[in-house]
Amino acid sequence: SKFEYVKQFEAEDRCLPNCWIVVRIDGKSFHRFADTHHFVKPNDDRSLNLMTKAAQSVIEDFKDIVLAYGQSDEYSFVFRKHTNMHNRRGSKLMTNLVSLFSSSFVYHWPRYFHTQPLQYPPAFDARIVLYPSDQNLKDYLSWRQADCHINNLYNTCFWKLVQEKGMSPALSQERLKGTLSSDKNEMLYTEFDLNYNNLPEMHRKGSLLLRRKQKASEDMNNSMSSQLSFGSQDFQENCRVRTQTIVLHCDIISEKFWTENPEILNSKK
Amino acid sequence: SKFEYVKQFEAEDRCLPNCWIVVRIDGKSFHRFADTHHFVKPNDDRSLNLMTKAAQSVIEDFKDIVLAYGQSDEYSFVFRKHTNMHNRRGSKLMTNLVSLFSSSFVYHWPRYFHTQPLQYPPAFDARIVLYPSDQNLKDYLSWRQADCHINNLYNTCFWKLVQEKGMSPALSQERLKGTLSSDKNEMLYTEFDLNYNNLPEMHRKGSLLLRRKQKASEDMNNSMSSQLSFGSQDFQENCRVRTQTIVLHCDIISEKFWTENPEILNSKK
Amino acid sequence: SKFEYVKQFEAEDRCLPNCWIVVRIDGKSFHRFADTHHFVKPNDDRSLNLMTKAAQSVIEDFKDIVLAYGQSDEYSFVFRKHTNMHNRRGSKLMTNLVSLFSSSFVYHWPRYFHTQPLQYPPAFDARIVLYPSDQNLKDYLSWRQADCHINNLYNTCFWKLVQEKGMSPALSQERLKGTLSSDKNEMLYTEFDLNYNNLPEMHRKGSLLLRRKQKASEDMNNSMSSQLSFGSQDFQENCRVRTQTIVLHCDIISEKFWTENPEILNSKK
Amino acid sequence: SKFEYVKQFEAEDRCLPNCWIVVRIDGKSFHRFADTHHFVKPNDDRSLNLMTKAAQSVIEDFKDIVLAYGQSDEYSFVFRKHTNMHNRRGSKLMTNLVSLFSSSFVYHWPRYFHTQPLQYPPAFDARIVLYPSDQNLKDYLSWRQADCHINNLYNTCFWKLVQEKGMSPALSQERLKGTLSSDKNEMLYTEFDLNYNNLPEMHRKGSLLLRRKQKASEDMNNSMSSQLSFGSQDFQENCRVRTQTIVLHCDIISEKFWTENPEILNSKK
């Protein structure tokens, strides 16, 4: 028709080849969402597990995602370097991904929040970022995991002061201002008899999703094998699933992880 | 931290000022989704109304959207020309929007599909397109409505042949090849005793969502006032809603619509 | 060859249709260039005319440029709105243009600087900017002309104080700090017996290049016809030239100019 | 002023960090330029040397360029990976570069073409391309050198047939259609008694410009040291020059070159 010319106003946005493509999604105004839904503070396992479940939906659908890492209200997805999905069109990749994540989050809500109803449909933003080198990619993931650690340590202290010492949020914030990590660890230990390192790894390290190439019965014979938690239920329940994903809560900042799992970044095809 | 440098790899993507910003979302593989959920052919009112409901959620949240138009598995959203939402960052706009649309679609599913369960979380893609002039914008919307018309006329004929004449899809397709609109109208009239113009306007014209500035009790005193269907239920149910949206199924190709509703494109603030 | 894949790393950069395309070039470190070549302060007519000559070369080669405006070490070029030159590829447009401008500047140097040699090859940067509406485009040109006015008024005062009052540059700058336009006009009048409005229009208004549709013998029958200076020499000398360009030094901020020359922005083809 | 808002229409175009930035310039319509200026066919040393001279001007001014490679009417410039020149703004880099190249080309014309005058100012386009890995960069350069070889072999045969056998261009083209490299080598040897490998390296390999870190008196103790031709004249003549560039005509396709000159890609600073 004579209107078709408007199609030409669409701009091309293909991602530079030979770069790692990362899509990070982040909950919109999750401060309010957490309040409305009475999230446990500082970490609500229902929410964290639901986030991971939605991320699994994404991974199972986007075959070219090699890894996902999540914490708080965010998740990052890493595509294999040479993916040609959607012809590497940035908009296509990030919108399809965030859309599936969002609809999965709502779809699976009841499994994690049981009778507590979802009060309103949540939204997530997404962005696409390119990383030319493996080191850049590892540093990106380290950045997110360091963020997880810093926030979690702070939030743990903050809510201890508020919930167990009865401090006001303002006072609690004041008390923590300028403290170092070591100060906070010390405070937890001396004032609350809490060894930070004994807190759940999921809270301290976030969640890492990987595709599992081995058979489900095999163990990964490396240092964090004990941290495995299988997403195996899904494999039975959902016959569409062909890929197995595993969930880890391990350190991905130290080089050790990448040395022990070289296939993640070297995945061919 | 020493990892923060990776933040600099994020690219800016601000939309050119003084352009209409259009975000179009489209269901991913809705051919399959429609099959799986036994959509009525060629038009399933449950699906169309659910799409419109999800679009309403978006409009109620994105105050700078002045108009939305939907048909089939797609919806287009038009932001006011001078919106500064998310600083006009393209990724932010399209991802937040498609995310809210998707989660709303799932959230409101039971209201439209009742006991029929959603089989899997659906996904939508989104794209952002800029239109410098009012005429470009009107032509864009005309393009989508013409697409609605062409597809609906074809699909109506196609399914009549299949469902009422017992033709195979292949034969039906063969029969329609090369036919003009007039041929198809004629066929419907003579072979199926059907006046195409008597089919529901929603199927023939698609759905237009507008914000209503007047009070809900007032009528819009213009030609398509009879086509009004109020989204008024939502205004009672959902106390977050401040804006009223109305749903129309009118012609937006002819200039008449824009002459009678000049405020849509001239909305200040 | 097996190396050809590297071609795919080139990114598309087509300009949004239906927008005015403006390319502005600006001399790199012309402060130094002016010093080295002993430019007259604040305005060196040789340099200004050479800039205009180079701009004319550009206009004669780029048939889709409808207007150019220059002042100081910069020139702006406006393409007709619907140009399809180089398929609207931004890089192609700005690099070809700035390249031709630069080589023309050097090529024509001796015509304006006579025996004074060019000490080193100068460079110009270029940028491409899109303007969706006529008003945006006019405001763009007004912005550049207002800049010309402000700088020229300031520089005129500054150099009067330095050259005729023997003030040091620092003292002269101090003296002018915080002064309004009216203050500066007043100072020129009372202290230097100079009516700013009597200064050459080229210095106060900059230079506007237009294509001339009428025959060279005809006058433009409008208000600034007296400001015409024909580039007619070039038309004889250079047989490649098919387009005549005229040079004006008129006000382009007031709406009057555009009312009297409607064809500039409405040029078809 | 009230016009300044138009500045906001400028789009950011920063290059992705941690990528090799390549700017390639190419003569506009050099087929015509070569004809007009009676270039020797297939290779005119005056033109090739002038191109290289212009490239040297660029390298001497752009301190972050580590390498340039040229052939025919084109030159490619490689910036060090972590350059922060012009804040990595793509437009700034390519326009400043092509501008300086162009003005240098005209500026230095007489040195290479002596009394033969430049007929008109030439133009070059420029593009910027990002290469994430060293291998991509090497493949890029190999692509250009392979292009040089293929064209030169073809052109050598073509002009031999035309100039020495008196064939028409059409016939000559016909004769060469479908021939392999080996066929062309053979033809030159048997029909023209010419060993292609004895042709000047500059014609067969193109020209590589490198910065010289060692003192001018030292030899580069590697395999292509014999191919060195010093640009030393320039260092005397032009006191602005601080960097020494050397010109090589060696093979850059084979890995050997990069093994022997590891510092090119690893240049720190």
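Residue numbering begins at 1 within each chain, and the chains themselves are lettered A, B, C and D in the order written.
In this section, contacts are C-beta pairs under 8 Å (C-beta built on N, C-alpha and C of every residue); 3 or more make two chains touch, one makes a residue touch a chain.
No experiment lies behind these values; they were computed from the predicted model shown.
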Third chains touching both subunit D and subunit C: A, B
Selected from B-C, B-D or C-D, interface repeating A-D by over half of its contact pairs: B-C
Chain at maximum distance from subunit B, centres defined as averaged CA atoms: D
Distance from subunit C to subunit B - Cα centre to Cα centre, in angstrom: 47
Euclidean distance of C-alpha centroids - subunit A vs subunit C, Å: 53
Centroid distance [mean C-alpha coordinates] between subunit B and subunit A, Å: 32
Set of subunit A residues in contact with two or more other chains: 9, 11, 16-18, 130-131, 136
Contact set on subunit C toward subunit A in their complex: 8-9, 11-12, 14, 16-18
Subunit C residues touching subunit D - in the complex, by the definition given at the top: 1, 3-7, 9-11, 25, 28, 57, 61, 91-92, 94-96, 98-108, 118, 120-131, 136, 139-140, 142-143, 146, 150, 240
Residues of subunit C that touch subunit B when the two form their complex: 16-19, 130-133, 136
